[in-house]
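In this document, chain identifiers A, B, C and D correspond to the written order of the chains, with residue numbering beginning at 1 in each.
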Amino acid sequence: MIKIGIIGATGYAGGELVRILAGHREAEIVWYGSRSYIDQKYHQVYRNMFEIVEDVCRDDNLAELAKQVDVIFTATPQGFLAGLLTEEILKDVKIVDLSADYRIKDVEVYEKWYGIEHKSPQFIQEAVYGLCEINRNQITNQTRLVANPGCYTTCSILTAYPLVKEGLIDVDTLIVDAKSGTSGAGRGAKVPNLFCEVNENIKAYGVASHRHTPEIEEQLGYAGNCRVTINFTPHLVPMNRGILVTEYASLKRKSDGTLPSYEEIREVYDNYYKQEKFIRVLERDCCPETKWVEGSNYVDVGFVIDDRTGRIIMMGALDNLVKGAAGQAVQNMNLLFGLKESEGLELVPCFP
Amino acid sequence: MIKIGIIGATGYAGGELVRILAGHREAEIVWYGSRSYIDQKYHQVYRNMFEIVEDVCRDDNLAELAKQVDVIFTATPQGFLAGLLTEEILKDVKIVDLSADYRIKDVEVYEKWYGIEHKSPQFIQEAVYGLCEINRNQITNQTRLVANPGCYTTCSILTAYPLVKEGLIDVDTLIVDAKSGTSGAGRGAKVPNLFCEVNENIKAYGVASHRHTPEIEEQLGYAGNCRVTINFTPHLVPMNRGILVTEYASLKRKSDGTLPSYEEIREVYDNYYKQEKFIRVLERDCCPETKWVEGSNYVDVGFVIDDRTGRIIMMGALDNLVKGAAGQAVQNMNLLFGLKESEGLELVPCFP
Amino acid sequence: MIKIGIIGATGYAGGELVRILAGHREAEIVWYGSRSYIDQKYHQVYRNMFEIVEDVCRDDNLAELAKQVDVIFTATPQGFLAGLLTEEILKDVKIVDLSADYRIKDVEVYEKWYGIEHKSPQFIQEAVYGLCEINRNQITNQTRLVANPGCYTTCSILTAYPLVKEGLIDVDTLIVDAKSGTSGAGRGAKVPNLFCEVNENIKAYGVASHRHTPEIEEQLGYAGNCRVTINFTPHLVPMNRGILVTEYASLKRKSDGTLPSYEEIREVYDNYYKQEKFIRVLERDCCPETKWVEGSNYVDVGFVIDDRTGRIIMMGALDNLVKGAAGQAVQNMNLLFGLKESEGLELVPCFP
Amino acid sequence: MIKIGIIGATGYAGGELVRILAGHREAEIVWYGSRSYIDQKYHQVYRNMFEIVEDVCRDDNLAELAKQVDVIFTATPQGFLAGLLTEEILKDVKIVDLSADYRIKDVEVYEKWYGIEHKSPQFIQEAVYGLCEINRNQITNQTRLVANPGCYTTCSILTAYPLVKEGLIDVDTLIVDAKSGTSGAGRGAKVPNLFCEVNENIKAYGVASHRHTPEIEEQLGYAGNCRVTINFTPHLVPMNRGILVTEYASLKRKSDGTLPSYEEIREVYDNYYKQEKFIRVLERDCCPETKWVEGSNYVDVGFVIDDRTGRIIMMGALDNLVKGAAGQAVQNMNLLFGLKESEGLELVPCFP
């Protein structure tokens, strides 16, 4: 059994790791790190785990933990891991970091958007950006550090990736309008996340300034082999889970001046995703809905071509806590240890 | 007292007319038309009106009704009013039509997007498009027929109008990503509108094909004095009321190659809306939220300029049943009869 | 114009006072007290009031405020007013206290259930329990201090009052199972009130220990002229507003051994409530629903007699922020100043 | 592999059977019966199953189906199975009926509460009431027909069972106040189940007349070996899943006149449920919440003793579609075929 430690086990992403790993047949959690609840039983924090997890929460001593486990998941605030990571730790243990610390290769971009100094930039190049379907080959038992992608980014990138990669859209026109459930805001006690403030309401936030923007841009830039600058606008939706992205871009016209057909675009999506268990390209005219992927590791993708404007509207949906966080982290762990990639992730979406 | 008849009084927009008009000091409803509930007490259909409205629901005989009242609100399906309207009726009564029948001046566009034949196109030119803040001067006691704008359209147009009118944005780049509460789908018993299907879910629908698209395009075309073709994508949000639009467009650069500043754009908005009671241009960095206008006739507008992409992100929020339907209809009625424009509409938004 | 000061203007009940009083024709708020937001514009805290209220929030200096206004509403934590109130203040101003400080006549009961010492018990006897429909005659321009009832209590008492008063039920069997929206929990930033914790969930809390229990018991005891001890169980419901109570009690049998009929019970309710504007006794077989009273000052009451068990099931619904807090406070103010009791309170419930 | 046929596979309970059975290692669905969607792909009705289930929906020919499968789940309206069941069918196949047709042993009670004639009363005695934790021993490979309990009933009975069985409460005082999510109302297109009607609302319904009442009474009557007549009041809560029951009963005093202690009651619960995987008796002072069992087969139970009134408040929570329907049906199937009782049911509750 692979031994797992979690730092930040009592946030929403940490809780989802615990839920998913309860069904994993080749790994077990041996350290539930939670500075806020040290010595409390984990099931007293998350009562869904009553009679399932008997462990108590423990401090978040990274160096000590590294000696006791095979892999550490850090579901921690930005800057936490960067402030503690050392070569010694990485010699002892593999790390899947759910924070943004090692996602962005350009440390200046990181420091600008996150407003903090990066304390261990020497590990940035080594870290693999853990978007499994794209970087699968780089995530092996030689890999020590995986930067698990953000929730918005996973959804935004996978929805547009094949068309950017194949150069079918004009990336300068790309706009990502994203909508997220409230668990993405975390479990911190803040007035804007109170039930009465979120319920019966929708708003944009972080307009032209959200931190997932450069992450999307960097990854799509690698795909398109070009500089990508986009508008990304997240919205807060009164639901617990789920991210939906609606992406707009101008299709490049073919040499005869016509737009690509539905079938031509479809073929491109199928080439990239047909074999991917966790990406479902929906049938024609089906729009993704967050409810249909809830609780699962799926990303549902669909698209519509608008002949009137020459644009394609691409849509993607996922569960922000699963494929957008804990599920993808487990998928990365499976790759790191050479396990079946879907082990523990055969979660059927729950409806209604 | 102005005598009012409502056709379609038991739909959600009809119900909202009844709620609002209960507080109107110069008008009273004398005919609650509802084919589905003939002879039932209105308060048995909408129990909020118990001990407030004692009338029974009546048939929807338009010609007879026209003789008994001063103004008729038709909150009816598309094609209903167009199929019944005659010169005789318009001689007897003013009509504020909450359906789409007379909103679009080009009958071919109407017939194409709505998929039905227009049965009385002879009244289209006469009908005034009742977006009060823009067409106020055309809505007078000489006006017989007002086409009350759609919910999405009211929000979409007002949010962008000053910049289109002043030629500050490139209208070819305009994209409207809209989000609506579920009351916009009406009170019909359909599986997709069941609680369990809508709750904990978000989806796009009518992508590149929603009927409010040509209405927005036509009106913004008048404003910009040019042909406007946009992408409009509505989404269904798990809340009862509210529409939020997020609009993207490239700002035209000034002669020196720079983008307009916040202050310059702000001044334009203020020029158009500072005197408008029902349009509130929010303070800098404030994003509209549907909750802050709920139950009221306000439209809240805000914007952010993104120097990185050269785009402006404009946002607008309103209550789809008030400013997006019944409230604006009452506002139009007030204009038609020379009343104070805000009579009955001094509704303070309800929070939380 | 009556001059009003509010202490605690930025809690949910305070915000509702501001919303309601915006429509009051004979009173105006001149002091928005909020220790947390001193010198901030009120509309920056509650953006629904943008362009409606221009005042800034001020400190909560009770003695100074007393000299400047005619009436003070205290929407403050338990113990706040009791710790500050003096004879001098009461000579200057009338006070409507929305906290529990002067609701319970037996100071020992207060101190036991609230776990704090009462700092000014000398005013408890003077304070009138402001359940307007029951104590209307005691609330006059001679009254200096009104204890505004709690939200659960208003609903629980009014639902059972006529039957307790007339001795028709066995009060020893009375059980109140109550359900409340989340605004009742206040605007404090606490994890249990986060959207993701409340949404898609229902739970009981304060079982056999909730502080509204002795308040209900005391008032029903006055009505029945007997000692009343009940079970009261509140539940948290994933909605913003609204309280529903479901009350169970054994009906006393008549001398012939039969139960009272529907008509007999109905007549009793009508005798008490037919003339009451804000209490609506629903038609037979209609169960109250919180949605039908939302945003209004109504209490809807209904009942069903179960011949099988000999019990009556009484149900009541109100908006916890209106009739359960701010609306009733304004109703009390109207009585205190001899105004029309419903002034500012002609709020039509908002549906959907 | 056990071959399964489902009649009513496209209702919410049917959909949940499909979700759960997708993870069952010893059974497979071979017949997705749905009269409304014949020849449509199942995943076009429930898009969560896209790329998971490829089958099409088929007619509901019970006799033919009986020859092809080992067990049939009927998730059908009341009266459906009773109208079709024959001895020949029962010779071919085992049936787990999720409707009420065979739950109530007294056919007169059934016909009175359900208002329909029972067409095959000859099978009522044979049918085993499939409340697994109580009737486990009667559900064997000899059993042909299992009446799967109702959602409210499962929760109501299990919450009170040990105390009724041990004679610790006065059953004449038992009151069950129940709250349910909206999936319990089914997927039929009805106005009262529309999002806008349910959201932001709570109401009681079926007061003193709900059909689960006699089912609870009969089963608790067997437990207590006495006639049981209760009040049962269901409420509709704005959430998708979950039932919470709050039950009130007078505790019998001990011979010394005192009430049983917490520890004494606790011991009784533990005696009955400690070994039960799917019943979790919560720690002292913990109240069950529906969210903590969502998506799982658990029932969470808790209780509080009120010394003031001498009553015990018992609370129970389950997921109405799992332990309240499909999960328990699978549990019954596992018992019928001698499989591990929890096979396919090791579902970890999903939070948030």
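Everything below uses one rule, namely that a contact is a pair of C-beta atoms (placed from the backbone, for glycine too) under 8 Å apart; a residue touches a chain by one contact, two chains touch by 3 or more.
The shown structure was predicted, so the numbers you read here are calculated from the model rather than taken from an experiment.
The chains touching subunit A as well as subunit B are C, D.
Using mean Cα coordinates as chain centres, the one most removed from subunit B is D.
Computed from the mean C-alpha positions, the centre of subunit B lies at a distance of 37 Å from the centre of subunit C. Subunit C and subunit D have centres, each the mean of its CA atoms, that are 38 Å apart. Separation between the centroids of subunit A and subunit C, computed from CA atoms only, is 46 Å. Shared contact sites, meaning residues of subunit D that touch two or more other chains, fall at 12, 183, 196-197, 199-200, 238-241, 289, 291, 294, 352.
On subunit D, the positions that touch subunit B within their shared complex are 12, 182-183, 187, 189-191, 193-200, 238-240.
Across the complex, subunit A meets subunit B through its residues 173, 175, 177, 179, 181, 196-197, 199-205, 207-208, 229-231, 233, 235, 237-242, 244, 246, 248, 287-291, 294, 304-306, 308-309, 311, 313, 315, 317, 352.
Interface of subunit A with subunit D (complex): residues 12, 15, 19, 22-23, 44, 46-52, 183, 200, 240-241, 280, 282-283, 286, 289, 291-296, 300, 346, 348-352.
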